[in-house]
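For reference, the structures are reproduced in the following blocks.
You will see chain A twice below: alongside chain B first, and alongside chain C after that.
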Partner chain A sequence: MGDETPHTGMSRRQFLKGSAATPLALMLAGGGVVSVYLRPADARGFTLRPPGAIAEKRFLAACVRCGKCAQACPYQSIRMAGGEAGVGIGTPVIIPREMPCYLCQDLPCVRACPSGALDKKLEDVEKVRMGTAVIIDRESCLSIRGLRCEVCYRQCPLIDKAITLEARHNIRTGEHSILEPVVHKEKCVGCGICEKSCVLPKPVIVVQGLVEIQKDSYDF
Partner chain B sequence: MTSRWWLPRRAAQLSTVALIASPLFGLSLFRGNLAAADLLGIALADPLAFLQALIGGRVLVLSYLGSALLVTVCYFVLGGRSFCSWICPVGLITEMAGLRLGSGGKTMPLSASRWSLGLVLVTVALTGIPLFEVLSPIGIVSRAIAFASLLPLLVLAAILLVELSLSRRVWCRSLCPLGGFYSLLARFSPLRVGFIKERCTHCGDCLQVCPVQEVLAPPLEQGVPQVTGGDCSRCLACIDCCPAKALKIGFSNK
Partner chain C sequence: MGLTRRDFIKASAAAAAFAAVGVPVVRPKGVDAAETGITWGKAPCRYCGVGCSVLVGVKGGKIVSTKGDPAGPVNKGLNCIKGYFLSKALYGKDRLTKPLIRKGNKMVEASWDEALNLIASKYGKAIAEHGPDSVAMYGSGQWTVQEGYAASKLMKGGIGTNNLEPNARLCMASAVVAFMNTFGSDEPMGCYDDLDLGDTYILWGANMAEAHPVLFSRLIDNKLKHPKVRLIDIATRRTRTTKMADEYIAMRPQGDLAALNAIIHVILRDKLYDGAFIKQHVSFKRGKENAPYGLKDKEAFNETPADVKNLSFDEYKELMKKFTPQWGEKISGIPAKKIEELALVYTDKSRKVNSLWTMGVNQHSRGVWVNNLIYNLHLLTGKICKPGENPLSLTGQPSACGTAREVGTFAHRLPSDMVVMNEAHRKKTAGIWGIDPNKIPAKVGLHTMEMFRAIDRNELKCIWIQCTNPFQSLPNLSRLRKAAEARKAFIVVSDIYPTRSTELADVILPSASWVEKEGVFGNTERRTQQWFKMIDAPGQAKEDVWQLIEFAKRMGLGHLFPYSEKGLHREIWEEYRKFTIGSGKDLAPYEAYTKVRGLRWPVKPDGKETRWRYTEADDPYVKKGEGIKFYKAPGNKVNVWFRPYEPPAESPDKDYPFWFCTGRLLEHWHTGTMTGRVPELKRAVSGATIELHPEDAKRLGIRNRDQVRITSRRGSIVLPAEINGRSTPEKGNVFTTFFDETKLINELCIDAFDPLSKEPDFKKCAVKVKKA
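This part shows the complex of A and B:
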């Protein structure tokens, strides 16, 4: 243990200094970058991906960030994420409020994807499940307040399937109807057209992840 | 000047940049970038990007495997690291910056790029994070050209800063995992720089221009007839500058 190593040939110290120190320093630096810079993209909420995207964790690895889906999108709905997306840098995202997915029948984005990050087995647009629309603020929704808005319902490409209007008596006025838009999760493809169309400055209907995230009492 | 290899090489580098930018001008001959692309209807794919998608995403698309193999075979024949000198836009940028602005004096060992490749493969296997697709300055530059995604160019700026102040061509020589991948492939490539010992005047011009002197020096000193190291990027600058025509490029099965 405490004995001095005789200096014959290359000592362990010389070896470490000469051959291994540089690569090890590099790997440490790399690890630092990984832990600080690369946060999982979905740690800060749900990211809307193009149609056919496989589960988010696998998608982040399977997507090679070539941008072909974005180049294939005729509406430029698909954007390439920047550095703010962390690990998701360079991956395709859809920001419905800017440009939702208009559900092309031939799904050019899916056909453009080389790596399988967008699942080529998906051919029927009604089977797309990018996310699901949720009315997050019922108190602000004009239709639920009794006005004849219903814009999200009329804009929905799956009108009367993914969003239906449910009529009920307006107790507040006593003589009118409330026509409430109701999202049916089993039909909704998550295209975001409703979110785009909502007439309020802050949309009350937004696309969220398919899996309900369990929240504790500290979450708002 | 006995030859002008730099001319087709620069043309190839600039064509790559032009192709990546071409969809912006409504042209349909090229789609994608160097990770995966369609060129005149032929699907091409970066083999390292394929490996990361396969390991991390556990997705195997046969057509994608085919395009990755096609690219691998092409680079195998041409000498793997020819990608670095002839195609890669980051190589073009750091090369031009080095020529115009000078560079730091230190050099880092070439073997580090293989460690870097190992780090990328281990990371994607353990965490599912495709480290090189995330941090790759090649992808960052390509998306800056095709999608005007400019902020991530800070990564490229950092690389240039280190190269200019500390270590010459350190990214391409020693850090790029894709370079490390292609250098492994290039060890077995048939197309190599050959050396005709009898003609050499030992002027040293070739070593001055070579970005990887470590692989050019041994043949010159020992009189070996060809450059065998996988890190030779087939830039052919040594052939261009040799006044005695002692260096040539050719296929060899030795």
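This part shows the complex of A and C:
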């Protein structure tokens, strides 16, 4: 995906220091603790990488596992993967339910990357494409059940762009409306703030890997 | 008059679903076998003024489930996200379970006897040395009816002081004064059915999408069903409400006063008013102007009958001539053309027009006036007291109406629209209370701001705070907190968790909450809802009414509360009910409320509720053939007030160039003492932010989530910036929320208040903003 995103020049580098993120060596020493939290990949093999990450295969080859992106992250959203990540050991991952990407406007993680695994041509946070949010469990979604939740929508940094609310009549009560959050993957950056903020024990909105936008016309 | 019996029947048919009242408390449908062993009970939600019904499932003495009650007419089984996690508000790890007494800087566990004896001795000493006006009680629109009633009887009838206030002074007082000086009776003529039946909704500075969540989804459903429905949002900030509205009209802070006057000007200029309605129902009045802002201690301002001038319709029209749309545009920022348009919307005979408002209008240094002006629009056009066509003042607390307003726990009020200044009212009250009428002082007690300032002035010796958190929620907070920290008064706080108020207390009393006790709440639409106790309170926590009565016994006032232990709530109710019978605010016997999801007063002799007041179609006090009758107003005439524009107490200037506004969001409630204990809500929204307009932010070099310092003449605070998020204030405005107990944002707020309602203006003061 990364190489398809239109990137232009580089913005001013300015990142917050003092992150307590764990570089590879440290992580290996105390890896057990870290890996408890890790969901390095979802069931379909998707791993949420920091903004600007190039396509996964090339990313694994390019990333030098230096941990500089994690150190640059002011929210400690970026962690270094442990042994269970296999060949991905020591690569940066984001586990949104723990700490999503808050989309710093100057993208300090990207600026910190020495290897090109995070593409420095990326400077507009709205062009970030780490993945896309998907409502995976409509039956459980409180908003779709007619409750006034919509936390994911109101927390979305691209509110009304990446997630919109679609109102429709609630047949169950006959006099209320269902305000359903709808994700627009062409706008969603995959930051995972929605996944983090979902109030249900198992988030019904999660970040998944990007899929190609499929058309409704059949082009032979 | 416009409304016929046929219209009413039509409206009734449209709202046929409301026939559901009368459904007994039963297991909800769809309860599967795995849930057996659960006892279900009904209760109103603990949070806002909407008054959703919930079903509470109890097993083994613990709440195991809550859900929206399908039989609840307000919410039909739905909740907002706060209501969904309602039970968790009771099960925070740090519930207060034992009385605590201050020993120097430490709070030490004590028995109830020790705590109550200490409070009684402090109150007794203060009264003996300085008189009954040296003590006070500060309660809440979250008090149950019984708690508020006991407090009023104790303070006004027992101790003999009117120093009794609810936190509703901070939210509904302006609405109350306008209801009284316009209609002669508090609370709305309309109800939520108007949200289903109308076609035009004009919101004056109200973010209903977040502050009244379930009600808003009902309003939106009307819009989905009927393409004619228009929602017009007039505000200083683009919110989630704006997003769903048909039109957004940006207004400058305080601009509502000018815009409303200019709309009225157009209606008069173009003779768009309903002359017949005016002739029959309206008198014109002019009150006192050039009012102060209450910034000085003890600044007195009253609009006595001697200050009120009667106007003829022609005189009124003459006075209104200067408020042209151009003038309105200059002050409000709303284009003159838009003002003309709004006048046409309000007077469109093919439209059923409703005005909706809440804190934007009430928390206003001229809040009563703005309420008056909104009523003027409806009275001049006759668009009132008809199904689907009413002004509706939305409330924010579960029993701001039921307790604070109907029971009357304000410094000037007595139950059922009565006031302490009126001798006949005092006599009636004393009669029901079985006391000497002279015991109730005729002098109005200290209103909220003066009550807490009086601590700083060393004039108030004892204050007991129940069910609210003033040391987070009051404006110009530093002064008041410093006075408390200096131990200038003996402070008792009853609450369920440690709060920013308990930390300043001399005695902390652990309270029972919600279904840990029995009670009654009354919501925005005059709906009175009862619930029974379902679980025990943790540890030694006791309900507030028990605390009050035990204190009364120790003050030698036990005889005022001759209720049985078992029938306490029912007996208080039946005594209180005597005030309401024949008052136009009639309540039903207690038994009736145990079986239904609330009834809207006045409850008719046949036990049926009233949806629309003052109309022969529904109100039992209006005889057939009388049409609309404002029977609570003197001479059955309601008042259209001439209320000019006056500027706010503080406006932005060179040094403090931004408007500062505060408010609510959906995920948290009030000072967050309950929602802050719900991990899911904390996960959703963890703390306060400062909302800025993107252009202002850019100019100041502030980016999203940057730390920003906001400073007013009274205080300074650092908050993370929120830009292009859920809401965007207009340029030159910043907005933040008050739920976050780690950020005492009210230290920045000015303690200016409305001279008539004494309600502070939390929506307007001047600040400077810079990157921290």
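Here, the second predicted complex is superposed on the first by the 167 of 220 C-alpha atoms of A that agree within 3 Å, B and C clash if a C-alpha of one lies under 4 Å from a C-alpha of the other, contacts with A are read in each partner's own complex, and residues count from 1 in each chain.
The criterion applied here is as follows: a contact is a pair of C-beta atoms (placed from the backbone, for glycine too) under 8 Å apart; a residue touches a chain by one contact, two chains touch by 3 or more.
Note that the structure is predicted; figures quoted are calculated from it, not measured.
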Which of chain B and chain C A:Arg58 touches, first, second, both or neither: first
First (chain B), second (chain C), both or neither touched by A:Gln76: neither
First, second, both or neither for A:Ala112, with chain B first and chain C second: first
First (chain B), second (chain C), both or neither touched by A:His176: second
Partner chain(s) touched by A:Ala167 [first = chain B, second = chain C, both, neither]: second
Set intersection of chain A contacts, chain C complex versus chain B complex: none
Touching residues (chain side chain A, partner chain B) in the complex: 22-23, 26-27, 30, 33-34, 38, 54, 57-68, 70-72, 79-80, 82-83, 87, 89-90, 112, 114-117, 120
Residues of chain A defined as touching chain C within the complex: 102-105, 142, 146-151, 154-155, 157, 159-160, 165, 167-170, 172-179, 196-197, 199-200
Of chain B, residues touching chain A in the complex: 23, 31-33, 35-38, 43, 45-46, 49-50, 52-53, 55-61, 63-64, 67, 108-109, 111-112, 115-116, 119, 123-124, 127-131, 133-135, 139-140, 142-143, 146-147, 149, 151-152, 154, 175
Chain A contact footprint on chain C (complex, rising order): 17, 68, 75-81, 84-85, 196, 213-214, 216-218, 220-225, 240, 243-244, 665-667, 680-681, 683-685, 703-705, 724-726
